[in-house]
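In order of appearance the chains are A, B and C, and numbering begins at 1 in each one.
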């Protein structure tokens, strides 16, 4: 039951916060650009259809920076953050496990492995189909998830300990696969590093299209299963007795969450901890009802990654830090905190 | 057991040990007549002092630039082991590989029974060095970072290998080439030197800052390193900094120029608009060795095209 | 709604749990399934709720073969109250009970006013109305079990299955829960099938008992007919004394020293 007041909160606070974050983040970066110029540039390009007069007095390089580099990057950060948060909510709900997220259960690694294999094929065989990378990433993600899930299953449940262990094992193995693939593809260490630490650098408008369709489609599917996700929290037998086709629902949701993860990873490498901590943070305010939790997490995830990326590109300016490192710095302490809380406190 | 007896036994043991150590440190061989340059005391780039007893006839090289130096000094026949990356001159490809520069295979090195191992800094771990020295193998670190240092290292290696004449000839040849090159650069008559951005990778914006071999080369070839002042060493820059710098030329150390020119976000850069994006052969510009002039030529070509 | 189990076999892997089991649960009855551990009572209940499929034989619900009834449709006829009350700790009572309406709602359909009315009715009937905004994690064991029953009632079932619904509760709560169930049975005409391990409770509340042993029906009928010293002694391998309850008159089983 979606409380009217919670819905109102969502619209009054979260959506505007997202818009404000996008605007502010576009104004910040390694190169100092006066905020007013930022606004003028964005308005000129969107509203005033490139009327050159509007940009008088602003150096060309600056226009490029804002429009071709920062804005697409900020938007991409929002999309990736959303995707990872949605996947995190879904995995946590389905597996009834507060420590599940695409990173810990090996789905991100699977996606990255798939993506790097696609790159290798492109390199060695010259194969280059459209959307090849996100689709290969998707296959990798689903395979990894399938493997981890079955490895961790004990009877009908997936206990926290075995899930984490299986996730770690599969992730480690896949990281090695990724490194090996990059070496075979003749890449230097930087290429490997990108996949393992994640980054939003050197991305432009075209990359958005690798994420948008999957996020929209996947997000809608997940939201339409929100009631089932709520009921699944009662346990699989109880859900079964309430008329939910448990196995079918699980398959659909796991695959959809993997798809959403895969598209994000194929564009930005493995960014960890977003899918883990955002659902928890949001749940504290929104409660466990997925009809609020899902959209709220999507927005908060976007805001979170936008700001993590701002830190990534300003904290060591003119140099950049891979954004996965920033999210790890924030996320790891939170993860430790979660592990230390007694299990019965964090049961759903 | 009585305490006093224990102390007595321990004390005598200590005495014996001390005497033994003192005894070993002294050389037992009678003093030899010194004829020729050996035994030679050599100090390497890590500051380590090594004694070379006889003329080294078997070398192992752990870096491509050092391999090139050995061959250029006419010591090619003496090289018995090289790293995986050593690919010049062609004869080097025939020589036994002992692993890559990060993790060389110590066992293989020992099996080859070299007299001297030449290595760049940080390549062979302390433990490995000790192991090699125990097997009578000398490890010498040579890590030239500037063109002057290349000449210095060549001279020192030549002396160590007793081929001083070759060393002198090689160095004077290099110096002459440098002079000619510098004159050519000056004569190109450019009033203001163009700025060149060295691009090392496309997933991250990797470039080279101050204090590196590559940055010295680019300056010697007649350009200004666009990333100068942004930091020391290898840098991972924020993409927007590239736009702020807006270099005249972009030089790629791998064949990336096609991808760079095709990047939609970079269309506005001056270098891209003017088509001044060039690939250079990484081997030539990243090895501080005898082919330094060729490296300079590569860069010169890219700058003055 | 009546249930007929016809010659059903079931195994867990190599272990045969039910062998050619047949029984009939009349409409409106309060039927108890009793027997020692491993006799198959919980398995039978799982087959009745379609949590598992029989290897052989058929189960009929209201005359229809259960194999053709979809899960969602079944959830509109039958509700299950299990023992561990995994009731969704962070949800409020009202939210949990509302989940009982899920079998009636389409994917994009929201709960209607009628649904909310039914939920309210279920809360009232189970005496949980004053708890509706409380978070389930804060409730006592007895309260939580009542919430589970309320959720089952929100499904508006014709059959209620209970799997040892009171085994982890104190005596007071046990009575409270079973009294409630009995009221639903007599007032609403709901067919009740309960797995109980407390023989005396079974004797008092049920009007039909099936005593199971090793996957077969050992004895069936009224409590006074089934709960004899001989039957109980044989199936549970112990010595007991069965006497009429001093006040209620129902058979009461007492242990005897071996």
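Operating definition for what follows: a residue touches a chain if its C-beta (ideal position, glycine included) is under 8 Å from a C-beta of that chain, and two chains touch if they have at least 3 such contacts.
This is a predicted model, so every value here is computed, not measured.
**Q** Draw the chains as points, connect those that touch, then say whether the picture is a line, ring, star, complete or other.
**A** Basically the chains just string along in a line.
**Q** Average the C-alpha coordinates of each chain, average all protein C-alpha coordinates together, and give the chain whose average is closest to the overall one.
**A** The most central chain, going by mean C-alpha position, is A.
**Q** How big is the gap, in whole Å, between where the Cα atoms of subunit B centre and where those of subunit C centre?
**A** Each chain's C-alpha centroid was found; their separation is 80 Å.
**Q** Once you find the CA centre of subunit A and the CA centre of subunit B, what distance in Å lies between them?
**A** 42
**Q** Any idea which subunit C residues touch subunit A in the complex?
**A** Against subunit A, the touching part of subunit C is residues 49-51, 71-76, 78-80, 82, 84, 86-91, 94-96, 98-100, 102-103, 105, 107-108, 111, 155.
**Q** Which bits of subunit A are touching subunit C when the two form their complex?
**A** 1, 224-225, 227, 230-231, 233-235, 237-238, 240-245, 283, 287-289, 347-348
**Q** Touching subunit B in the complex: which residues of subunit A?
**A** It is residues 29-31, 60-65, 68-70, 72, 188, 190-191, 193-194, 199, 201-202, 204-206, 313, 317-320, 322 of subunit A that touch subunit B.
**Q** How about subunit B: which of its residues touch subunit A in the complex?
**A** Where subunit B meets subunit A, its residues are 200-206, 230-231, 235-241, 243-244, 246, 263-269.
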